[in-house]
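Two complexes follow with chain A in common, the first pairing it with chain B and the second with chain C.
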Partner chain A sequence: MKEQLRVKNEELRMKFGVLAFFLQLLTLNFSLLTALAVEVEPTRLELKIAPGRPVAGELQIANKGHKPVEVRLSAGPYRFLDPKLKLPSCQEWLRFEPARLTLAAGASTSVGYTVTPPANLEVDTAGEYLGAILVDEHPAEEPVNAQGERRVEGPVAGSSRLTIVPRLALAVYVMVEGKERVEVEIGGLKVEKLASQAGATGGREAAPDLLKMSVVLKNLGSVHVRPAGTTTLFQEDGHLYHTAPLGKSMPLLPTATMAIPSLLPLPPAGRYRWVITVEVQEGTVLQQESSFEVTPEGEVVQ
Partner chain B sequence: MTSHFEAQPRNPALKSGFLLALLVEMTAGLLAFCLLPSPAFAAFNLKYIRPASYDAHFNPGEQVTFTVIIKNNESTAQFAEVDVTLVNQATGAELTLTPVITATIGAFQEVTLTGTYPTVASATTPSTLSGATNNIPEGSYTVTFPLFDGNGDKSDSVRGTFPLHVGTETESLRVFPEALNLGTIPPGRYMHPVPIEIRYSYFQYNRLRQDQPFAIRIYTDNAARYEGVPHALKKPSPAGLVSMNGRYVIPVKCWTLNFGPDIQETGWDAPLAGPPPVDDDDYWLGPPLLEGVRSYGSANWVRIPDLVDMTPNPITWRRLVGQDQYDNRFVADSNVTGDFTLKSPFTLYLATEAGPTTVEGTYVANLVVELWSP
Partner chain C sequence: MDMRKQLRVKSEELRVKTMIAVLVFLLFTFNSSLLTVLLASQQQEVYVTGHVQPFGGYAFTEAVSFDITAPGEQEIGRIVVDGLYNGEYPWVMRAYTDNLHFAGITGSVRPPSPAGLVSKEGLYVIPLSIHSPSYGPNVWRRIPDLSEPGYLPYEPEPLPGETTYTDCVLMGIDPRNGSWVAGPDGLLHTYDDNLLGDNTVGTPFEMILQANVPAAAVKGEYDAVLYIEISPAP
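Let's turn to the complex of A and B:
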């Protein structure tokens, strides 16, 4: 079976290799000349809104490509990374002016957006609404020729055609003034050893054993936060052993729980004191500590 | 005949004095050897308290601070020098940052040393230049901290656990070609030979100066185009190519290097040989399991869903590449070991399967390639 596969591999590799080489070369050359590239600033919106008062702003859109593009803006649902979360949407509140525009190569412009909350927002209990701004790139329409005709590319009868649309999806977070409540608690500290994958690296130097320190954060508030902080490890005699930023600052959405790991090479045997400091927002700091021991055999006991 | 020594007059006092002097000299030498360490011994007793620390991402013009903790295990004060050494991951150019970090560390003391260096745009300093520099040009670098003693002997060294990145924040996506003419779709499975090239540039860091997570999703957006067959009992997913009259669909599958098990499991060397053959069920449907069942989730060729098929649950998404929030890895059912990132640009291949129920006609679709970051 393996031998058959090997022979098949060789045959296909020969055939495909030559074809792929020329196709890649062709693609690369053309893509450098014709690729579209739209960039948008800012890359996400975090807004505060008062019931009954629309909020307006601008997005800067630039065409960094070598040919004109048509940009279409629309609102979409928020793309949750945690399927268990059910948070209200602000998709219907978003409007753009203009929602469709053509940008010449190298040009940039601003597009206005308006977030209009519904009149009954006050009676809703939610503190935050989520959505997304979808910025689509399309090839610009061909200019009208001398005969007053516009060349429109479409599929030939019996043929098929796929239009490829690059889309930037910008996250939108709308917090309701007066209902934003920030409350985060540390749900636990866990230390464990991650054994190295010795022998699995194909002859390369084996990776060292790692110490994984995880802190669980629970958002009990009504709006998202982007927690920051530090993890600090002290030796038994009080000397500082290690300090590092705490994980990464994903949005911790309301009702969500997030475990943020921090990795470092397994320290030498001994007892350690681990102090976690989390800055939930400016001026709100949480701190908790735990201790654990690394045994002479390299085991971690919390 | 007497020897020369025998001819000398014997003097016991002189002999004892000589031996005593020799003994004192040897003791003093031994004491000096033990108590006053030679530089060579000192070098081995100047150590890092691991690991070194610095932040990951910077914009040109910002300052990078490196912090190391060094302990002197000797009974006398020692001079220590740390040369922060950066190696550009793209060009291989090696930079030693100046001024180097120096200190004199007391006996059995440990000290925390910091060095701060400005970053500059690459237009100011070429990224191919090697040698000593007092600023860090744009680029991505591995970081090493060799430690030298007062004699210039290397005493210890640690490596940074992640690269240092100096660059301008960006978020862009380029796809080529903008449209793909598939011609007449042949019956059976068919891989379209023209690849789609996807270039992306994603560099956003958060307030911890670490990477923001992101994903590039792919899906068709055919809901407005697809109607389905009138009076049909079940309306299938509009994912794929939709006939011009909106009634029929031809599913589309895609392949990148991220999809499917590796050569160890499949025997197919994808990095060298390209996309696996569509005619082989092992790659198209999934590797065989016992009793005729297949591991459908481990197929190399994976279905492109439609926007209406996807829910907020990320398991319904089709991600081409992505970067997880903590370890820069994604774990998917077809890629259980994680690592869902591919360097830009990467290529995407498409394939269709026209079965016995496929209806002749002209088919079209919008294929969306979406960059998302929360």
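Let's turn to the complex of A and C:
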């Protein structure tokens, strides 16, 4: 009986794992699909621009909803990255044609954008500028009735009204040709023990103590990079103990510092060699190593 | 509790989790009314109703209309969010007003960038707060204005902890496999309680809007534009 229940338990655990895996695939891996009833592609722009020479392109906008919408495009500051960095803005360089359009249900169209840098861009020292394209979705205006009144969508029960406008804020990176400089350094490797916390597993069985290994990256260049890489642990005798990808990071902006943590269960007592490999951009790889000891008492000494 | 009983309880717990996962999986995969799935070792039929758009994107309530009558907290409406956002992670959904750029009612005397509802003549402001199911029960967050003094936009953190932003984040997904989502295997989401993301919920769901009417506010007409912004992966 005990064995039967154990087998059943394992069987259910496997099924749950498979379903969870599919669910993650569904939610994470369809990157081209965007938000709202209005969809926009691409969802970010990374452009190179020469002083005095505007760059133009197109956004594809589709109304996936069941009613007409009015789409309004404007430029704004980008607000999803470190606000303390104060990167120069390209907000004033962005123009759209048309900047306002009505899309029928199921319809799609293209909107042209132009990025026009100022004439004095050459004298500026910055290598990259940041801004946002704001795509707002408003209800399409309904025709007026015989009394000249405009029919208002939504409930009209009260005298006050809060209009809800879904908005997409798309990042725009503008790099200046001749001023792009990629330079990233590893600013430190830190190893520490992360004691298990109650509730860390959401009520499941107790979480183990963790080893937290952080690599600090500093962008000394003039343009953003998207670092990727691996973290690898070797035992004292040279055997591979653990290797894992660093995981997805945010773009590392010029002048920014980023600490990328990776975690694993606290290894058994012994000495370890930790090698971190960071690919800053294609063909540019940084590598650094450090060593530490896990004491028999379960403490970590770097 | 003896070993056999422990295993039975565990087995039941896993069965419930499996059923929930099956239902969520089906809800997000099909728009069908009758689906057959394998549960445990026997075949069962699970009825699924509703109108989830498989990958159609979000749809929002367009507006809420209400009367401001008395001081105090007042629910003014609900925003229904339907569909599914499948964008590349990390992403964030947040709410704010932008009253500096909101023309509002022509001729109004508007104070600079008050957060919330503004009265017709621009003299009174009613702060807004919002509840999202991802916050947990009875948790409300103030809705800021983009141009108010001290507004600090959300910045994704590599690890949970200190939060200095004043943004009203409704939901989102974290940038990397931090400790709160990665398990002993170092893989994304093996610790995650919420398999849809780190701060997300399944749809459709409702967000509740609340006006916090100050005693000084007067009965009358108020309005504002509430932006529900999604910032896709930067």
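Keep this in mind: the second predicted complex is superposed on the first by the 239 of 302 C-alpha atoms of A that agree within 3 Å, B and C clash if a C-alpha of one lies under 4 Å from a C-alpha of the other, contacts with A are read in each partner's own complex, and residues count from 1 in each chain.
One rule holds for everything that comes next: contacts are C-beta pairs under 8 Å (C-beta built on N, C-alpha and C of every residue); 3 or more make two chains touch, one makes a residue touch a chain.
What you see is a predicted model; the values in this text were computed from it and never measured.
By the touch criterion stated above, A:K212 is placed in contact with chain C alone, chain B being left untouched. Contacts of A:P139 after superposition: both chain B and chain C are touched.
Of the two partner chains, chain B is the only one touched by A:A228; chain C is not.
By the touch criterion stated above, A:Y241 is placed in contact with chain B alone, chain C being left untouched. Once chain A of one complex is fitted onto chain A of the other, the partner contacts of A:P166 extend to both chain B and chain C.
Of the two partner chains placed around the shared chain by superposition, chain B and chain C are both touched by A:G65.
Touch criterion met: A:P261 reaches chain B and chain C at once. Residue overlap on chain A between its contacts with chain B in one complex and with chain C in the other: 2, 5-6, 9, 12-13, 16, 19-20, 23-24, 27-28, 30-31, 34-39, 43-44, 64-65, 78-81, 83, 136, 139, 153, 155-169, 171, 242, 244, 246-251, 260-261, 263-265. If you check the complex, the residues on chain A that touch chain C are 1-2, 5-6, 8-9, 11-13, 15-16, 19-20, 22-24, 26-28, 30-31, 33-39, 43-44, 64-65, 78-83, 136, 139, 152-171, 194, 200-202, 207-208, 210, 212, 242, 244, 246-251, 258-265.
Of all the residues in chain A, the ones that touch chain B in their complex are 2, 5-6, 9, 12-13, 16-17, 19-20, 23-24, 27-28, 30-31, 34-40, 43-44, 64-65, 77-81, 83, 85, 132, 134, 136, 138-139, 153, 155-169, 171, 226, 228, 239-251, 260-261, 263-265. Residues 3-4, 7-8, 10-11, 14-15, 17-18, 21-22, 24-25, 28-29, 38, 40-41, 55-68, 76-77, 79, 84-90, 92, 117, 128, 152-156, 158-159, 175-180, 182, 184-189, 191-193, 195-197, 209, 220-234 of chain C touch chain A in their complex.
The part of chain B that touches chain A in the complex is made up of residues 49-51, 53, 55, 69, 110, 112, 161, 170-185, 193-197, 199, 204, 206-213, 217, 221, 241, 244, 250, 252, 267-269, 272-275, 277, 311-315, 317, 325-327, 345, 347, 350, 360-374.
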